[in-house]
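Have a look at the structure that comes next, please.
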Amino acid sequence: MDITTFIGILVAFGLVVTSIMMGGDGTWFVNYPSLMIVIGGTMGATLLAYPLSDVLGVFGVAKKVFFQSSRSTSDLIALIVDCAKKARREGILSFESQLKDIDDPFLVQGLQLAIDGMETNAIEDILTTEIQFIQERHKLGAEIFSTMGAFAPAVGMLGTIIGLVQMLMQMDDPSKIGGPMAVALLTTFYGTLMANLLFLPIAGKLKTRSKQEILISQMVMEGILSIQSGDNHRIVEQKLKAFIAPKARHSLEAAREAA
Amino acid sequence: MDITTFIGILVAFGLVVTSIMMGGDGTWFVNYPSLMIVIGGTMGATLLAYPLSDVLGVFGVAKKVFFQSSRSTSDLIALIVDCAKKARREGILSFESQLKDIDDPFLVQGLQLAIDGMETNAIEDILTTEIQFIQERHKLGAEIFSTMGAFAPAVGMLGTIIGLVQMLMQMDDPSKIGGPMAVALLTTFYGTLMANLLFLPIAGKLKTRSKQEILISQMVMEGILSIQSGDNHRIVEQKLKAFIAPKARHSLEAAREAA
Amino acid sequence: MDITTFIGILVAFGLVVTSIMMGGDGTWFVNYPSLMIVIGGTMGATLLAYPLSDVLGVFGVAKKVFFQSSRSTSDLIALIVDCAKKARREGILSFESQLKDIDDPFLVQGLQLAIDGMETNAIEDILTTEIQFIQERHKLGAEIFSTMGAFAPAVGMLGTIIGLVQMLMQMDDPSKIGGPMAVALLTTFYGTLMANLLFLPIAGKLKTRSKQEILISQMVMEGILSIQSGDNHRIVEQKLKAFIAPKARHSLEAAREAA
Amino acid sequence: MDITTFIGILVAFGLVVTSIMMGGDGTWFVNYPSLMIVIGGTMGATLLAYPLSDVLGVFGVAKKVFFQSSRSTSDLIALIVDCAKKARREGILSFESQLKDIDDPFLVQGLQLAIDGMETNAIEDILTTEIQFIQERHKLGAEIFSTMGAFAPAVGMLGTIIGLVQMLMQMDDPSKIGGPMAVALLTTFYGTLMANLLFLPIAGKLKTRSKQEILISQMVMEGILSIQSGDNHRIVEQKLKAFIAPKARHSLEAAREAA
Amino acid sequence: MDITTFIGILVAFGLVVTSIMMGGDGTWFVNYPSLMIVIGGTMGATLLAYPLSDVLGVFGVAKKVFFQSSRSTSDLIALIVDCAKKARREGILSFESQLKDIDDPFLVQGLQLAIDGMETNAIEDILTTEIQFIQERHKLGAEIFSTMGAFAPAVGMLGTIIGLVQMLMQMDDPSKIGGPMAVALLTTFYGTLMANLLFLPIAGKLKTRSKQEILISQMVMEGILSIQSGDNHRIVEQKLKAFIAPKARHSLEAAREAA
């Protein structure tokens, strides 16, 4: 699990729960009908706006992005450089049996194409299309979560208006207004909470992670193409390092020299 | 009918109605003058902003997009590949009598042009123009619904202000403020409800569906051009598969091999 | 007068007035100082942001766009095709005496240039510049109305705050708070009303109409250039029809065949 | 002074002051601490966001744009055409002594470069750079005023919250709530007033004026380059007129023929 | 320390504190649980949206940008011109021992590359990549602070709703509503304060400074390339001056002539 995600959820929700507990009875903030209307209304609006398969798919994307650590650039570079060495020594066909030991499915897919004897252009076309579809899926994911982040507070407000109308309609004794008003506010609370501590941050994370994943995938593609065209492993390394920040580049070199 | 649309409407409106019923008398939320001012004001503002024909046309577009399932990409690919086979065997003119059996009007239109002996460039021009006009119409539809989604809550607020002013002007007994205030809030309720559970999701759906339809139409155009230039059915299939996601491509291949 | 505009105004304002009349005394909503501050403040802010001549000009543009029907594309095509026929038969100079019978000033201007014997490039340059300046003027108009639509509610809120401060400062008897508070709300009412049922829809209309007018002007220019270069009237018609939707094209052809 | 600016300020602020005076004691709206917190907070936030020199410079730009009338296009065209005539008759060096009589510093700078014998390309480079830096400065100015227009209401709201907290903390007698609440509202009043009747309109004006000034400067540059390359004064005029609206062009010609 | 930053903080926070002190007890505005929920919630949401390393890194970027004065363009030009003179006289290798006396790390890095005998293209590639990564880092910094500026008021509102619900749930005596309501407002106060006087101005500053730093770095790169290709120091100066405003250029020349 990605450690930052864990810290973020702990800090944000932990503090909200703490502050609820400190100020009185925690059950005041649990109201199932209110929760139902906010979650249901947000999901309903989202299902009107997007096809069911996209909405379901988005949760998969979110889960993967959240609970899988990002691929380490330096490990990947080391791995690809090793592949390049082996490819020069033993030929590209020698990989066939070792592909199953490689963790990165995108790298495996690319190497398989090279082993199959496809031409450079064809490999580049296929991998580029693959990257574009990944990018499209991430973009759709971020968009759906942003949409949920926009609908949730609106539906919350809708629930609060319903509560207020019901309260005002049966208001006999103004001194007893407190309870129903508090309950009416809960939908706004749920909507704001979900939007700001869940949907919008997740949309942001998907955008950030997507950019990173795409860059890594492009780096892997560059590496595969370089291996396939028989480049020396130093040249492969040189090409891959152009994809990472100068600072990370230095630490990579230090590690390599120490090795 | 598109099943997701049905689920979305059921979930969103079902929950709102349930929560209204659970909290008291459901008729509290029915107020015809309030409904009239929100719908009328929103339609009036929209008719000031767009020509009548566009506003009426948009409902047609929405109906079609909502109640027609999207064309299935894999069925279409299979259909076009079959056409390609027949065209190579029996010549393109042999389609003439079978066009009426084909469901997709865009495909029919394109094949008719090919049968009529038009040149490739001319067919491409005509179909591209057709696609652009469809795209333009979808974009206009999404824009009009977004506009309605922006006007509805504003008109709702306007109605609430009218109600508040009327209530304040005749306020003799502060303890009787409840009923009129609840009624004043109803226009805001209607405006927010329509915008967030109807107009804005529909605008979103039109954008999503439009993108999909355009892509499918482009795929169909590619297929027609490929058939007309006498390509082998394998090449036609290859070209069409570039338009669908790699995952869908694999399942298509599996289905084909099973067949 | 454009019929949609009439319907829009009738529906929107009619319903607001009806709902005001139904809920009590209509004069409650008439307050000249409030009206003055909203209109004056909005105009003042707009005059600070734009030159006087532009603000005055914008009302002219709005009046024209609202009360003149859009030029009919099919009538214009018929007219230009007729011109093309005559030009081939009698020469382009034969128009001289008939220009005053043509309704469309842009078409007249273009034909005059052709009669004057200007070269194709020069005519295209002059008409393109003309179209750009029209476009610029429409864009400025839409921008100024959008600006007014943003300032009106803000100025309305300003008026409400002024009213609230005055009410609070002299509040002796809380039970008499109703009247002054209602009056304070009126500026927000006026600001919201003007922005949402007037300024913003007009801005929208200007954008929609502008797009349409520009397209028509480009079509007319294409026609003039085609006439000047001596094209056959069928080719002229072909070129012009590329500017209209496929559906409209069919109905045009049907009409022509019927004729 | 630009007359529209004067009218705008008079109308907007005049009406606000009038409506304040009509409703009660004008001093209710003067509260130095409130004014201090809004102006100070807005300036503080702006100084955090932009360098001191830019913030100070922006007031200079605003002053110039507001109190200097825009350069008259037709006067400038007449002036440049006169220069062109003289340059053809007496040579470009003959200007040397007359430069000090020309009002427009940009024109003077350009003519000086021509007199100094610089080549056309070099002059164009220098003047284009000059125009870009002016444009950059105007854009920065508009941006800073927009930023102030965004911070002022937020700081006003902050002041209102401070006032509310202080009022609530010492609330013994609910009937005496009026005065402190009115004072708390004043910061929101100041913030909204400054943003909507000052900062945002000024930002708008800077954008409008900038566009105009840049166009005029480009026209002047075109004129200087045309003079330097020894064009006939009629050609110079032709080139300059391409920069103004067709309508203005006609009135210019009418004036010229009358002369 | 950058003097404007100091003034900005002093003015903004000084006035808020002053106005708090003037209106009553300053401790009314100190509430640790409220502070905790706003800071914690904002940080939590930010950590969900961005990787931990980016969020930590952004504070470093902010510190550097805030507490380091911007590099002086005229000093840098003088320095580079001196380098150019020396390079022509003593050869580029003569710098080796003097690099440690140069303050600007980017200039040092570039000169080192030139001393190492790299080719012009390679140097340009490396420095351009370096500039792009700096730009990317600044952009990310501005984006993260904007995100915090958007989350802070939302989390503040969330805290206020929690406070209101707790207050309403235990409301027995309406006259004792003041204190709890004031406390509930404090989270909104903190959120608005942090967003408008801290996060958003810092985001703005990062954007402004970034633009400036990038321009200076591009100027330094131009200088290094010019030195490496053995340009005369006058030409180097000419090239560098194209990066600064015409006004600054004149004052630079005046200083140079006085020297």
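A, B, C, D and E are the chain letters, set down in written order, and residue numbers restart from 1 in every chain.
To be clear about the criterion, contacts are C-beta pairs under 8 Å (C-beta built on N, C-alpha and C of every residue); 3 or more make two chains touch, one makes a residue touch a chain.
Everything quoted here is computed from the prediction, not taken from an experiment.
**Q** Show me the overlap between the contact partners of subunit A and those of subunit B.
**A** Correct list: empty, since no chain touches both.
**Q** Figure out the least number of contact steps between subunit A and subunit D, where 1 means they touch directly.
**A** 2
**Q** Give me the set of chains touching subunit B intersected with the set touching subunit D.
**A** Both subunit B and subunit D are touched by C, going by the contact rule given at the top.
**Q** Counting shared numbers against all numbers at the contact of subunit D and subunit E, is it over half, same, or under half, different?
**A** On the two sides of the subunit E and subunit D interface, the residue numbers are mostly different, under half being shared.
**Q** Between subunit C and subunit D, what is the gap in Å from one C-alpha centre to the other?
**A** Centres of subunit C and subunit D (C-alpha means) sit 28 Å apart.
**Q** Centroid of subunit B to centroid of subunit E, CA atoms only: how many Å?
**A** Going by mean C-alpha positions, subunit B sits 45 Å from subunit E.
**Q** Which residue numbers or ranges of subunit D touch two or more of the other chains?
**A** none
**Q** For the protein chains shown, what form does their contact graph take: line, ring, star, complete or other?
**A** Drawn as a graph, the chains make one closed cycle, so a ring.
**Q** Can you list the residues on subunit A that touch subunit B in the complex?
**A** 33, 36-37, 40-41, 43-52, 54-55, 129-130, 133, 147, 151, 154-155, 157-159, 161-166, 168-171, 174
**Q** What part of subunit E is in contact with subunit D in the complex they form?
**A** Residues 3-5, 7-16, 18-20, 22-25, 28-29, 70, 175, 177-179, 181-182, 185-186, 188-189, 192-193, 195-198, 200-205, 208, 242, 245-246.
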